[in-house]
Structure formats: structure tokens, C-alpha cells
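In what follows, chain A forms one complex with chain B and a second complex with chain C.
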Partner chain A sequence: MILHAILTVAAVTVSSLAVAVFPRSVLAFLLFQGSLLFVYLARIPTWLRATLLGVALLVLMPLIGAYNGYYLEVATQVGIFVALALGLNIVVGLAGLLDLGYVAFFAVGAYTWAIFGSPHANVIFGGGFPLDPVWFYVFLLFGLLVAAGTGILLGLPVLRLHGDYLAIVTLGFGEVIRVLANNLDKPVNITNGPKGITPIERPPTLLGVSYGEYFYFLVLLIVGVVILVNRRLEDSHVGRAWEAIREDELAARAMGVPLVRMKLLAFACGASFAGIMGVVFSAKQVFINPESFTFLESIGVLAMVILGGMGSIPGAVLGATAVTVLNLQVLKGLSLWLNELKNAEVIVLGYNLANLPTQFEPAKYERMIFGMILVLMMIFRPQGILPARRRQRELAELATPNPRHVVATPP
Partner chain B sequence: MLDWPLLIGILPQVVLDGIILGFMYALIALGYTMVYGVLEFINFAHSEIFIVGAFVGVEIMLGLKSAGLLEALPWPLILLLVLAAGMAASGALAVVAERVAYRPLRGAPRLIPLISAIGISFFLQDFIRLVESLWRNAFNLVYPTIEPLNHRFELTTTIDVSVKALVVIAAALGMLWLLHALVNRTRVGTAIRAVAEDQAAASLMGINVNRIISLTFLIGGAMGGAAGVLFGVQYGLINPYTGFIPGLKAFTAAVLGGIGNIPGAMLGGLVLGLLEAFAASYLSLLTGGAFGAEYKDIFAFSMLILILIFRPRGLLGEVVRERA
Partner chain C sequence: MSALLDVRGVSKRFGGLTAVNRVDFGLEAGIASIIGPNGAGKTTLFNILTGLYAPDEGSIVFRGRPLVGLRPDQIAALGICRTFQNIRLFANMTVIENVLVGMHTRVDLGLRDILLRGPKFLREEGRLWTSAAALLERVGLRASANEVSRNLPYGDQRRLEIARALASQPTLLLLDEPSAGMTQGEAAALMALLRQLVGELALTILLIEHNMRVVMEVSDRVTVLDHGEKIAEGRPAEVQADPRVIEAYLGRGSGDRTGRTRAQR
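Moving on, here comes the complex of A and B:
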């Protein structure tokens, strides 16, 4: 225990120093992130864990951001995806409703602020826009509500569907939202089509911090609230009802779980997290277009939930962090490194790297990564890296063969 | 108000386009429906198995072109060769995907193989891109034109039909007839139907269930591959991500016809193809340009949602059993 305590403190200190000394090294920043995971997993007293994580996230991370602003951007992106993964985790992990169009809710939140927080709304309403940037805070709530409403709107017609049919319909719904965003520039120009909306207002920052730091802290705050809400929900009667629905809908109904209300609540809750982050996202990016809300993003968020472990809150956080960092840092780093090697005409095994085709770029193979995560996790560790306890037991039960399911095969 | 002569004048062309599209969907939908019939599982990667057929086809045609054989050989021979290769590649790929990613998950909760299939689908998209990037340094490929195929017969001044379209329709009809004969007239077909009916009982009757499942993937994949080649010949441009939307629509067609039902898939494909062609041509004319052809995808997906809600068994399907 004491050894662990010393090790964790050392790990955080050394890795943050490493980032300070080598601000451009991706490896150093990965080390810093790894040390946070170590703090979470190590056997140390709760107060020490809380202090270390608090110091790292509230003090060290902004400091690192001062050395290299890109890392703060990465951390903010991670936070946004953590909230998305936690939202999808409610729908998929807890309630067992596979939603393949989740990013649609993110889009709804983003467009809510983008339309009213930019001069674009003048096209629809005549004049008086953009709204005063202070409205941003109202729209955080408003975006959340609109997304939750959209969630219920999607939930209502699909209540009767199960499993894979539900998955396909949500996929279709996600595509419908994207196509609408792409084409609703006529007859009334609502979304400005593929050109997207810009410039989107940002709220005034407090205490003179930079926008990088401002959005980092805002996202951190929202993620904190989301985690809190998630943990309270999980142990409430609502969370138990969701899990009952996931395990056996018929039995749950027999036990008096109100299926309709609980399923709609799951869709609404999951959607609301995406909605609020959508508002933040549109303000942070200043520009949004439908390209940010494709099926690829939905599957990316799903991969995060699966990687961490369906139904597990720490799992969703870890999954979102790992996948985002992989995309933003490891793959991009690999691309840059390969380009340097190409320019230097390095020869590997008698092959001149300068002859590599120009179209070959590791950064472009997100889908391959997501795909491999999904397949490998399903085959080798369906409960995820940090599994929820109940889920783990359930899958272990299935692994012991049930004589009724064995199909005799001739020799 | 409405320009009736124009609306009626384009009707035959719209129907023709719809039929071509419909046969394409029907061929792809067969892969979904056969696998669903046997395993009650949506093979999400089927859209990529379909586009792999198109890529194998374009590679062979480009190879023939650079060898100067594209003009020298008679075009039916080229087409047969390309179709056979595309079918073989897609069929083999479907079998491998089943072996690697689906078979270990048989008996797991229902969402797990579906997620694995989504993973395979995404993996394949970028894998095709990777291979083509390394091999050709391009992944948007265009089918080389075969001149005689582009010849158009003018039926009237406004309606014409190309040799290509006729070939696509004939090939699709041939495939569908072959499949129908295979499933209904041969011993293997009987075994496939038996496994779809009841795996345990089929295996007690001495049928090797795993072999039949592999065979189902092989046949479904081959049909997808054929559709891929025909898609390439008809529309020309392909890239690794092209398969996704036609795949989704073919799935819609399979559900429309009643998933698990082979004639249903053919019917569903044709109906969806026709509806989509109508939507693409008439939406903009009927709404005065407010909603254009780009809404045809929404049209197809909304239809999927409506069918699933109001008639989940589709046009020809049986009652969908509920599995715990």
C-alpha cells in the first residue's frame, strides 16, 4: 500500500516533468496519461487517489497546456468523448438498447447553438442575431433539453423493436439526421447545408483565462457532473430497472418495471449528455458542418464503450480516453514520423521508404482501428477492459456450456 | 401547375432505372436474407463483401486493359470472367469472416455477433483502402469502359436503354434463377432449408451444420460479389466506402420482403428500387424543387422504420419469432 502510494506520486511527478522537459514528445504525454490510469488502479487510500487525480486534472494539465497548447486541445476532446461515451453507455450498457445513430443527438445539440449563436439565424428570423454570447449558458440547458426531446422522439416509434432491428433503425435515424443537416438549406435555409455554419459565438471567458483553458475547464466540469449523475442513476431504482430490461424484458415487465417509461428515459438521458456536449463543441469549434456527425463518429463512440466495458462508468472513461488519444496522437504521430522517414529516404530491409505511395497515411485508418477494437473485444473480452461487475458475472455464466444449447455435430 | 406530359413522359425511363437498381438490391439482399434465415443474425459486413466484388472486378478489368486485352477479347467473355472472379472473392471473404468473427460468438447474447460484424465492416472498408493505396496509390477507381456495352437503343426520342442495362438485368435474373434452383431443387438446398428450420434437428438428420452455414455465407457472398461487379459496370465509380449505403438499402429490401425469405428478398429489392427511382425523379418535380433527389435516402430509411414498426414480418415473411 505504501509502496503503491509512493509509486503513484512518483509516476505523476516524473511524467509531468517529462512533458515539461519534452513538450513536443507524444510519448511523454502518453506517459502522463498512463500515470493517471495507474493512480486509478493502484491500491492507495481514497483521499490520496482523489488528491492526485484532482491535482493532475486541475493544476498539472493546464500547466502542460501552457507548454504545448495542443495537449490541452487533446484533453478537451477526450472530455467531450468521455461525456458521449457515458451517455451511450446508459443506452447500450445499462438498458441494452444498441444505438448506432448516437451522434445524431450530438448534432442536434451542436446545431441548436450554432443556429442561434451565429448570424445564420437572421436568414430564418429576419434579424437580431447572433444572440448575446451570455446566452451560451442558457443554451447548454436548452441543447440538453432539445436532444433529450429528440431522444424521446426516436424512442417512441422504436419501443416495440428488439436487438438488431433496433440497431438498424437507430442507424437509419442517424443517417436521416445527417442527410437533413446536409440538405435543409432549402426551401428554408436552416442548417446552411454542407457548407456548415460559422462563425459561432463563444461565451466571454472568466478571469481572463485563454479559450483553450476555458473550454478545458468547462468540459471537465460537465464531465464531472455527468459522472456524478451516472453513478447516482446506476444505483437508483431507474438504473436497476434498466439493467432488468437489458437482462430479460419479459421478466422485467412481469416484475412491474414500466417498460415504456424506462426505455424512453434511457434514450432521453443518453441523448441529453450528447446534447450538452454538442453545444460546447459548436462553440469550441466556431464552425460546424454535417461532416462532424457521420456514422463513423457513432461507431467510434460505440467502440469506446465496448473497449472499456459495457455498463461500466470507469470503462467508458478509459475507453473514450484510449480511443481519442489513439486517433489524435498515436495515429497522427505515426503519420508524421513516417513522413519524416520518407523525406529522409530511409531504407528499411532494402526498401526505400520514399517509394511509399502518397495515399498511404496511417492517420486515415480510423475505421480499421475501430473495427479491430470491436471484433477483438467481442471475441476475446466482451466484458471490456474495466468491466462492470454484474456484466462480468453474466458473461461468465454464458461461458459455461448449457446442455440445452449444444448442437450435436457428426464426427 | 404540374407538367403532366413531362411527368408521364419520363415514366418508362424511371421504371427502367428502378428495375436495374431493384435487381442490384435484390442480389445484395439475398446475402442478408440467407444468413438471417440460417443464423438469425444481421451480417453487417455484407455491404463490404459486396464492394470487394466490385474492386476485384475493376482490378481485373484494369489489368486486362493494360495488357491490351480489353479490346481484343469479346466482351461477354470479359464480363463472365470478371463476374466469376468477383463472386469467388466475395464468397471466400464471407466464409472467412464467418469463420474468424462470427463462429466463435455463436450462442453469445444477440448483440455481440452484431457488434463484431460492424467491426468487420469497418475493418474491411479501410483494409480495401489500404491495399488499393499501396497497390495503385488511389482508392477511387473507375471501371474502364467497354464500348459495345455503352451502345444505346433509342426506343423513342425520350427513352433509351443501353446494352449495359440489359446485360445487368439479364445477369441478375440468371443469378436469381440459379439460386432459386439451388435452394429448392438440390440436396444441398434441402440441407440449407433444414438448417434454417431447426439446427438441432438438422444435425440429428446427419447434416453438418457448420458446413451448411459456411456454404450459406459462400452463396450469399458470391451473390453480393456479382452485384458488386454489376454495380461497377453500371455506375462506374467505386471507392471503399461506396458499399455502405447500397448495403443498408439492400438490408431494407430484405426486411421489406420478409427477412429470411428468399423470394421476399427479390421482391423487396425490386419494390425498393422502383420506389427509390420514383422518389429520385419525382420528388423535385412534385414539390416544385423544394425537396430534391437527395431525399431519396431518407425516403428509403423512413420506409425501413415504418415497415419494422407496422409489419415487421415484411411482405412475404412469416411471423418473426422472439428469441430471449
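Moving on, here comes the complex of A and C:
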């Protein structure tokens, strides 16, 4: 225990120093992230864990951002996807409702602020826009409510659907929202179509912090609230009802679980997290267009939940972090490195890399490697990196015969 | 005198098959059984009573309230709960969590209480866990409270289903073959437990059962269904002697099998 305590403190210290000394080294930043995971997993007292994580996220991370602003941007994006993954985790992981169009709620939140927080609303209402940036805080709540309402709207027609059928309908729903965003520039120009909306107002920052730091702290705060809400829901009769629906819908109904209300609540809760982050996203980016809300984004969030471990809050956090960092840093870094090799005309096994045909350009490997990682994960660790306690058992079911089947076969 | 449960002329058809055909059926206190050959419509009747199926015709009145058209969760809230023929526990949840889900209709907490997690939430949640533990104690599963339910031995799973159904504090408990797959000893112990519950909780129990020894020993009344129709009703001894019941079980002129083996499958 003491050894662990010393090691974790050392890991956090050394890795943040490494980032300070080599601000452009991806490895150093990865080391820093790894040290946080180590803190989470190490056998140390809770107060030490909380202190270390608090110091790392509240003090060290902004400091690192002062050395390399891009890292703060990465951390902010990680936070946004953590909230999305946690929202989807309620729908897919707890209630067992496979949703392939989840990013639609993110889009709804984003457009809510984008339209009213930019001069674009003048096209619809005549004048008086953009709203004062202070309205941003109101719209955090408003975006959440609109997205939750959209979640209920999606939930109503799919109440009777399960599994594959539900997945297809939600996929369609996600596409409908994207297509609407793409085409609602006529007859009344609501979304400005594929051109997108810009400039979107940013809220006034406090205490003179930079926008990078401001959005980092805002996202951190929201993620904190989302985790808290998630944990409280999970540890209540609502969370248990969701899991019961996932396990056996018919039995859950017979035991008095109001199916309609619980399913709609799951959709609404999941959607609301995406909605509030959508508002933040649109303000952070200043510009949004339908391209940010493609089907691939929904799949990406789903991959985070599955990779982390379905139904597990730490899993969703880790999955979102891993996938985002992989996409933004590791794979990008890898393809940059390969490109450098190519440009330097390095010769591997007698073959000059400069002669590589364009079809084999390193940038094209990014998605392929990501796909391979997903495939390997599903083969070797199907329950995810940090699985929920019970989810792990559910998958073990495949390996060990279910006692029910052995004993209960009717004579 | 108003009966606890009054079923009048209930029918259910699946395509061309009439699974339940104009069944009249009344229940008062105590333990009653429904018996009948496979495919007689017993489980279908249970599904109708608990709101999983809507009957094509007929009326059901429970404690003076019509049930037809209500959702399963509303019926559970009114005080009818059940177990399933092929165990349907929430397999990957722990034993005590299964019972807690059964209490869903008795939870007096809103979303706000959950999110605030104030004293009201903690008090109510504490009450739920205490009474869930007490229920497990009662069916003898207290020691396995934190086991994942699908790891339980078969007989324990059956008893957990009963505990989960009891968690909603029902007035009427429907048990679909509770002793299936149990030894005579286990079945006898289970029936003793049921008798005890009826005495202590002011509970009425309706059983579907194939084990004739159990049925005849434990039931106050027996109803016999065959091909979706009620063919006999009465005290166990009367029903046992009814020629139509014997015919339903044995078939006309099949002399080589005994009623009991057929009845036990």
C-alpha cells in the first residue's frame, strides 16, 4: 500500500515533469495520462487517490496546457466524449437498448445554441441576434431539455422494438437528424444547410482565463456532474429497473416495472448528457455543420462504451479517453512519423519508401489500425477494459454452462 | 359475498387455436390449484391475469376492480404477482437486487430524491434493503444475497422467484409450477413454506402444478382445465374422482399408463 502510494505520486510527478521538459512529445503526454489510470487502479487510500486526481486534473493539466495548448484541447475533447459515452452507457449499457443514432442528440444540443447564439437567428426572427453571450448558461439547460425531449420523441415509436430492429430504427433516426440539419436551409433557413453556422458566440470567461482553459474547466465540471448523476441513477430503483429490463423485459413488467416510463427515462437521460455537451461543443468550435454529426460519430461513441465495458461508469470514461486519444494523438502521430520516413526516403528491406504508391499513404492506415484494435479487443477482451462487475459474469456465461440448462431441463 | 378474484367468460385465441375458452373462475382465501394436461391453457390464463395478454373476451375483477386493459405493472401494483414456469430471474443481477426490483411498485421516490440523495432517499433505500434481506431470510436465501442469481442452484432459483414476487406485497400470488424439477422432499418443504406464507401474510396463492401429490396435499380447491375449457372444479378429493378429469389425463381407453405418471410428465 505504501509502495503503491509512493509509486503513484512519483508517476504523476515524473510524467508531468516529462511533459514540461518535452512539451511536443506525444509519449510524455501519454505517460501523464497513463499515470492517472495508474492512480485510479492502484491500491491506495481513497483520500490520496482523490487528491492526486484532483491535483492532476485541476492544477497540472492546465499547467501542461500552458506549455502546449493542444494538450488542453485534447483533454477538452476527451471530456466531451466522456460525457457522450456516459450518456450512451445508460441507454445501451444499463437499459440494454442498442442506439446507433446517439450523436443526433449531440447535434440537437449543438444546433440549439448555434442558431440562437449566432447572427443566423436573424434570418428566422428578423433581428436581435446573436443573444448576449451570458445566455449561453441558460442554453446549457435549454439544450439539455431539448435533447431530452428529442430522446423521448425517439423513444415513443421504438418502445415495442428490441435488439436489431431497435438498432436499425435508431440508426435511421440519427440519419434523419443529420439530413434535416443538411436540408433545413429552405423554405425557412433554420440550419443553414451544409454551409453550417458561424460565428457562434462564446460565453464571457471568468477571472481572465483563456478560452482553452475556460472550456477545459467547464467540460470538467459537466463531466463531474454527469458522473455523479450516473452513479446515483445506477444505484437506485430506477437503475435496477433499467437493468431488469435489459435482463428480461417480460419478467420486469410482471414485477411491476413500468416499461414505457423507464425506457423513455433512459432515452431522455442519455440524450440530455449529449445535449448539454452539444451546447458546449458549438460554443467551443464557433462553427458547426452537419459533418460533425455523422453516423460514424455515433459508432465511435458506441465503440467507446463497448471498449470500456458496457454498463460500467469507469469503463465508459476510460473507453472514451482511450478512443479519443488514439484518434487525436497516437494514430495521428504514427501516420506523421510514417510520412516523415517516406519524405526522408528511408529504405526498408531494400525498398525506398518514397516510391510507395499513394494508395498506401500512411494517413490511410489510421482507420485501419483503429479497426484492427477494435477487432482484437473484441476477440481477446469482449467484456471491455474495465467491465461492470456483473457484465463480466454475463459474458463468462458463454464459457461455463448455465446451471439452469444443466439442472432445469424438464424431465 | 365478493370473491377476491372473479374471472368471467374469459377467452384467448391465437390464430385458429383457442387457448382459453370462456373460462369462469373464482378465488377466495387460501391455496387453489389449476391442473390440466400440457397445452390446457393454464399458463395462458396466468398471462391474462397478470396483463401480459389481453383476453379476447370476458371480464376479470380483482378486489372489486376490473383488470382487463390494465398494464402488467399496474396489475402488479394492485397486488397480483407471479413466478414463471421456466425461471425468469434477472440472471446477471445479484439475489438481493432481484428482490429489490420486485419492490419497484412500493418505492416512494421520485427522480429528484434520487439525484439529491438526501435523507429521504437514504431512509427509503435503507428500508428497501432491510425488507429485501428479511424476505430472503424467510425463503432461506439470506446467505446468498450477494451472489449473482444465475449461479444459484436450481431449487434456490425457484425460491428466489417466489421471494421476488412476494417483494411487491401481493394479495394474490400466482405460482407457475413452483416445484418443477424438485425432489419430493424439496417440494414438500416448499409447500410448507407456502402454507406458512398464507397464514402469516394474508396471502392467497394460485398454483399451476403437475405434481399431483403436492396438489392434493396443499390445495383447498382444484380447478381442472383441458383444451382451454374448465372441466372440473372442487375440493381435491372430488376432482380426483371426477370421470372427466381421469379421461382428460388418461385419454379414452388407454389403460397402460397411470394417471400419476402422466400427470408428473
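Here are a few things to note about the model shown:
The criterion applied here is as follows: the second predicted complex is superposed on the first by the 377 of 411 C-alpha atoms of A that agree within 3 Å, B and C clash if a C-alpha of one lies under 4 Å from a C-alpha of the other, contacts with A are read in each partner's own complex, and residues count from 1 in each chain.
In this section, a residue touches a chain if its C-beta (ideal position, glycine included) is under 8 Å from a C-beta of that chain, and two chains touch if they have at least 3 such contacts.
Computed from a predicted model, the values in this text were never measured in an experiment.
Note on chain A: of its two partners chain C and chain B, the one contacting more of its residues is B. In the superposition on chain A, A:T358 makes contact with chain B only, not with chain C. Look at A:D248: by the touch rule set out above, it reaches both chain B and chain C.
In the superposition on chain A, contact of A:G371 is made with chain B only, not with chain C. In the superposition on chain A, A:A167 makes contact with chain B only, not with chain C. Within the superposed three-chain model, A:R240 lies in touch with chain C and out of touch with chain B [touch as defined at top]. In the superposed pair of complexes, A:I379 makes contact with chain B only, with no contact to chain C.
Of the two partner chains, chain C is the only one touched by A:R232; chain B is not. In the superposition on chain A, the residues of chain A contacted by chain B and by chain C overlap at 248, 250, 407-408, 410. Against chain B, in their complex, chain A makes its touches with residues 96, 98, 100, 157-158, 160-165, 167-169, 171-173, 175-176, 179-180, 182-183, 186-187, 248, 250, 295, 299, 302, 306, 356-360, 364-368, 370-376, 378-379, 382, 398, 405, 407-410. The part of chain C that touches chain A in the complex is made up of residues 50-52, 71-73, 76-77, 81-82, 84, 86-94, 97, 100-105, 107, 109, 111, 114-115, 117, 121, 125, 128, 148, 150-154, 157, 164-165, 167-168, 180-181, 265.
Looking at the complex, you find that chain B touches chain A at residues 41-42, 100-101, 104-105, 107-116, 118-127, 129-130, 133-134, 136-139, 199-200, 203-204, 206, 208-210, 244, 248, 251, 255, 290-292, 294-295, 297-298, 301-302, 304-305, 308-309, 312, 322, 324.
Of all residues in chain A, only 229, 232-233, 236-238, 240-241, 243-244, 247-248, 250-259, 265, 390-391, 393-394, 397, 402-404, 407-408, 410-411 touch chain C in the complex they form.
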